[in-house]
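The letters A, B, C and D name the chains in turn, as written, and every chain counts its residues from 1.
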Amino acid sequence: MAYSTQKLHEEKVFKDPVHRYIHVRDQVIWDLIGTKEFQRLRRIRQLGTTYLTFHGAEHSRFNHSLGVYEIIRRIVDDVFANRPEWNENERLLSLCAALLHDLGHGPFSHSFEKVFELDHEAFTQAIILGETEVNEVLSRVSPVFAQNVSDVIAKTYENKQVISLISSQIDADRMDYLQRDAYFTGVSYGHFDMERILRVLRPREDQVVIKSSGMHAVEDYIMSRYQMYWQVYFHPVTRSSEVILTKILHRAKELSEKNYTFAHEPYHFLSIFKGAVTVKDYLKLDESIILYYFQMWEDEEDPILRDLCRRFMNRNLFKYVEFDPSKEYKKLNELEKLFELAGLNPNYYLVVDSSSDLPYDFYRPGEEEERLPIHLMLPNGELKELSRQSDIVDAISGKRRTDHKLYYPKDYILDDSSHMEVKAKIKSILGLE
Amino acid sequence: MAYSTQKLHEEKVFKDPVHRYIHVRDQVIWDLIGTKEFQRLRRIRQLGTTYLTFHGAEHSRFNHSLGVYEIIRRIVDDVFANRPEWNENERLLSLCAALLHDLGHGPFSHSFEKVFELDHEAFTQAIILGETEVNEVLSRVSPVFAQNVSDVIAKTYENKQVISLISSQIDADRMDYLQRDAYFTGVSYGHFDMERILRVLRPREDQVVIKSSGMHAVEDYIMSRYQMYWQVYFHPVTRSSEVILTKILHRAKELSEKNYTFAHEPYHFLSIFKGAVTVKDYLKLDESIILYYFQMWEDEEDPILRDLCRRFMNRNLFKYVEFDPSKEYKKLNELEKLFELAGLNPNYYLVVDSSSDLPYDFYRPGEEEERLPIHLMLPNGELKELSRQSDIVDAISGKRRTDHKLYYPKDYILDDSSHMEVKAKIKSILGLE
Amino acid sequence: MAYSTQKLHEEKVFKDPVHRYIHVRDQVIWDLIGTKEFQRLRRIRQLGTTYLTFHGAEHSRFNHSLGVYEIIRRIVDDVFANRPEWNENERLLSLCAALLHDLGHGPFSHSFEKVFELDHEAFTQAIILGETEVNEVLSRVSPVFAQNVSDVIAKTYENKQVISLISSQIDADRMDYLQRDAYFTGVSYGHFDMERILRVLRPREDQVVIKSSGMHAVEDYIMSRYQMYWQVYFHPVTRSSEVILTKILHRAKELSEKNYTFAHEPYHFLSIFKGAVTVKDYLKLDESIILYYFQMWEDEEDPILRDLCRRFMNRNLFKYVEFDPSKEYKKLNELEKLFELAGLNPNYYLVVDSSSDLPYDFYRPGEEEERLPIHLMLPNGELKELSRQSDIVDAISGKRRTDHKLYYPKDYILDDSSHMEVKAKIKSILGLE
Amino acid sequence: MAYSTQKLHEEKVFKDPVHRYIHVRDQVIWDLIGTKEFQRLRRIRQLGTTYLTFHGAEHSRFNHSLGVYEIIRRIVDDVFANRPEWNENERLLSLCAALLHDLGHGPFSHSFEKVFELDHEAFTQAIILGETEVNEVLSRVSPVFAQNVSDVIAKTYENKQVISLISSQIDADRMDYLQRDAYFTGVSYGHFDMERILRVLRPREDQVVIKSSGMHAVEDYIMSRYQMYWQVYFHPVTRSSEVILTKILHRAKELSEKNYTFAHEPYHFLSIFKGAVTVKDYLKLDESIILYYFQMWEDEEDPILRDLCRRFMNRNLFKYVEFDPSKEYKKLNELEKLFELAGLNPNYYLVVDSSSDLPYDFYRPGEEEERLPIHLMLPNGELKELSRQSDIVDAISGKRRTDHKLYYPKDYILDDSSHMEVKAKIKSILGLE
């Protein structure tokens, strides 16, 4: 029997708190899960530093990747199978792309990518196409299979239907993470009737559409997403921990560039500092490695690196005030000067962080987050873009919301043992009584 | 105002998936949570290697410790407050003991304790009484307070009521972990009506008892516990990962004792290998550190250490067969010899693991797990031990159940590229046709 | 001890699927629950005919009334107690008004009120103030207490804070029914974080406000309400069953006015038909009585009454098409003529039903549904109306959505055994190919 | 296309709070649901008078019947389909038997059957085989189909596999009602991992067995069932309401036999009183009819009937004391005499009620509740009876638990306005201070 259609002798199931059970019957999927590149995702948290705000959010990307796979499996096996618009040959490809779509995520991706100009999507492709166990498994399916999987994830695969399953404004990725992140954080947002949505998904020529009878479930999903962004993903405390993490990486890189001698040599970081990281180096990075270095660096001589690492490890975060970038840059400049005077390097201790989200968007070609809009299929087969059918989605569609905050170490500012006068001025500007 | 009664200006709440919210109003509790020793519990998983079986089980002891605190808080503030049998002065002590009861747990405690003869309870006391941030906070309450907290956890405190709250056969510890572990693994066991149980807890002279009207909720708790033990805690795959972990530690220790030169020197382990670990050393250990070393050791020269580390990191576990210790020791000896012949050190590659549990026990003085039995309070005030009132508890009371399995690397045995004949014999004994 | 402060010897608890437990400690509340007027609410369904669409929706107003009481109890006992802005003397009044707010609901209120021009709020007051067991209990508290309870429910009580607790755009009534109706129907809408909302409610001079930190939970509540209206309350199938029910009542009234001789005399309806119903008569009506008559009427001689009753009892409902009142009245007139020709009385067999909802509204004096808007309290104590703070609420605020449908008996129209030609025209107009 | 294989043009779904969705694709099933005999089940509560104890328990047998159907549908379509041991021709038969298994239940069946010596199973068969809409639908499938459905429900059908699906110690009936009754009452018992159990069910020659890997889920089901019996089904307050209901029926029958002239003639009861009820009469009975009469009888002249009806309608129930039938009959006789003296007819006002359950039983031929035991299938295909594999089931297997209580009207006994002396004796015997 061809490897691509080989079934396990007995179906394997994973107990999953979100989808109850994750079912694996394909030998290919089972083999992919067993690769060391996929197992590595166990050591990378799904929500980065969010566990410092919501203590339940300790779940990994391994967890989420299985969930996305399971959603796609239910769609292709329970909903699409035997529909003429669906090509059964795309089944295994869809399952593999779902399982592997986050394979290239590194530890605390968001901060790493920002500081070191890395791109997890490029690494996903490099791992799938490189000399890895994952590539070995995929290549046993067919010579082009690894490339196809990579193309689906890169959104360049020719069959747009498959791309739309994996990444659109209502794809399996989002449906899994909203529910999963809600489950592990324990918030009451993030719930919507996924079972209903799955039942009304339909394959069409070049996309996946939703029967209009499911519109309200989709509205609910859009609102869930909106709430999760502002209540969980952009939580100001999480952003504080990310600010600190980012500044640790900045500092380490800066020290390295200045030929600072680390008491504990950062072997794992060397190629990254130089901007020349290989896939092999990259795969050695995970969050246990990062946390190891951060703990080592708690005793480094450099006071900034040491302080930031201690803050991060012991959750002694920065506090924040609202910041209006359209009016307050002068104030920021003034604060920067005062921080210098107070002995606090403003590059590390005075940080503006901005978060921004579009709850839903119809298509605007060329725009940054170019995800396809959601199309409803009316009973007569006609397609309508969601915001034209739903009052509530129309009301929020295309409205970008942005939030700016200014982060700083409140404990240092309140500490009167030095620079009393300067700190008094800072306190007055920041509104600390 | 005395530090012991100081309240936060505004109550702090943690979103918790199990108890919905965890409420902190006491300054002392808030300060304890902020200590670095308590924050360290974020880096120690509640269920050790169980995440390799149940992928959701990635939650930390930090998580659980807050949960136990919250349960005790609800008991003392909502149920016991204003009852004459309850001494309000024990309130803060109970809360602190609840919060800190697991403080001395190290990474993968179970295996560490076995291999290195450590005792997490002794470390809990040493941290509470030593030169730590936790001790500093507790000492601000009163000079004897840290000692009292330590005594409650060590079960030597004079007021047995408080001890019975924190550790008995139905204490806040167990009530939290059963529910929490069920939540994160996603299994459908582990549920019982905790709200009902809390409402019928009553302080009595030297213990906490349960009004007999709550008996059925308690039966349900006992059954939940039984199911969780056999379905989750003693899951054979989890035991396999623990066997490997234990053998890694054994091997590293053995190599160190034999003066093997590690390519990557195990600094963090040195004092442990020598059996002379200090509290300060101990506090530096957490699971990210351990995983760092395991990854380093994947490239060690020693083939056993290298192999076991790779197995653990990439989840390539041992398989098992049932083993009957009363009849099969001869068979085990034979297998040991064959493993030697096949080039597999049986000390590391052929492991009997036994798990054993008592679902509930009435009091048997002198017995190992000397937890107090559960007493029901009848409407007339009389106390009756649970198994005398409940048919179902009586039926399972005192019945120890034990399970033995023999673990081995199936992939090696099935690999025919060497020692074909010996392996054929092994396969025949193990029933691998 | 005064009756108003008398506590039960032991707290009574009701197991409630929505709030887990409902707690009763006040003798007055316990006595009110035991009155026959309150027990009657067990025989009146919360959602009228909705059980014909969502089979789980069989819960009664008894159920809901206890829930509203419990929410108010938690607010006044756990959140408001000891706040200077809250007058503890209003506690019992608030609890009683919560428990009794729906006391005057009759069977299938919506249809009954429309056909017979009854007003359940007037009956609530009449029952509270009349010669009833409820009045007897309330009068034992104080001579004015029954009047006060009635005033709170009628929104004329002087302390507007209390009114705002019981009826506003985010009151205990709505918070209970959204969750309860979601629970019993099984839909996935209707969830929001009530625990969070309760925790941030604050009494202010003349209203109850919400701390702005709870804004997102309130947004979620508003969205839940919106979804419940369109997914559950205005479900087109439910509206069909209500159309039939209404027409049964119309027909029975018309027949009575025409001195038709009922085979089964409708004793319970006589005073209602005459528009002269007393409180005593009214209290004898409940849904078992109505269903008794409907079953009797299945054998009445009048073909319309008989047919409609059989349809209702056996759930053989009308079907519907969309109807645009701004354009399609001519079509409706034409249909009416054709229905006459086909032997179907259009007054009973061709019915336009319109449903309309405002998801949220800021204050517009004089408007029909004059519920107070929701005010957020900023950290500085300032109040802001919700839609000024929330983008998402602003987007939907004040936007009335209306839906019109035309109901008719499809089975009759499709039955070709008579009036073939006329029915062919009707089918063509209704789009039944 | 044959009626038996005809599919609906579009699948119909019912929103169900327990199973999320109930799916109907077969025309036969859809037609059965639409019959008036099946719709009648909406007016018969699943748990009789239990709603007087657990206010959420207002759900109907309609509700439950759909649930049992859905479970069987999942088994035959998702688990059994394509297994050689399963005969696909039994599919529709299994679905119909599941849907209709409770069709013959009357209002408050338990009490009705006791007083009038009726048998709901005989009525189920009579409805299926008689001149009914249900029979008409079934007969369209094939001439013998109605008889086959009836035989499955009566456990006389030749293929025992099908019988074992519908009624055994772990059948779809029990799995639905445990979960459903738990959901609507809101108790925390009644949960078990049904999804797991369904996945490990296997058809064998003459029964349905369970793969031994599912043993723990089955243990959990057995324990759930045990708890539900004692916490919900045999709740002493529910038994009180059933005692009163039974006594109302007794009294009405006795009065009728004595030619008492009812102010409100009980037409619906006449044939029942005479023991000559036809299927047609029987189908007219439902709980709204019964409640109509009970309300009418609240004003009957007979003081006992009047009093009992008022008690039932207004939930003024009897209280109870424990009763030991092995020792206390003398006491009971004495009480009977005293009740007579106090003017209380002991036949109606002093009632012993006994409830008894076997949590699980292995096979004991000839025993009353002759449900087949549960067989586990070991990996080698061998079958073992559950209690031989499960310690916990073995511990409770075959152990009948019985509870006896003595019910009486406490309010009358405490009322000192008459028979003071006699009542003092009664109080002393009953232990009322």
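Note that in this section contacts are C-beta pairs under 8 Å (C-beta built on N, C-alpha and C of every residue); 3 or more make two chains touch, one makes a residue touch a chain.
Being a predicted model, the structure only gives us computed values, none of them experimental.
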| item | value |
| --- | --- |
| Where chain C and chain D overlap in contact partners, by chain label | A, B |
| Numbering shared by both copies at the chain B-chain A contact, with half separating same from different | same |
| Farthest-lying chain, centroid of Cα atoms versus that of chain A | D |
| Where chain A and chain D are represented by their mean Cα positions, the distance between them in whole Å | 52 |
| Between chain B and chain A, distance of the C-alpha-averaged centres to the nearest whole Å | 32 |
| Chain B-chain D separation of Cα centroids, rounded to whole Å | 44 |
| Where chain B touches two or more other chains at once, by residue number | 20, 187 |
| Contact set on chain B toward chain A in their complex | 14-18, 20, 34-36, 39, 42-43, 51, 54-56, 58-60, 62-63, 66, 183-187, 284, 286-289, 291-292, 295, 313-316 |
| Touch list for chain B against partner chain D, complex | 187-189, 191-193, 196, 216-217, 219-220, 223, 226-227, 230-231, 359, 391-392, 395-396, 399, 401 |
| Touching residues (chain side chain C, partner chain B) in the complex | 13, 20-21, 195, 199 |
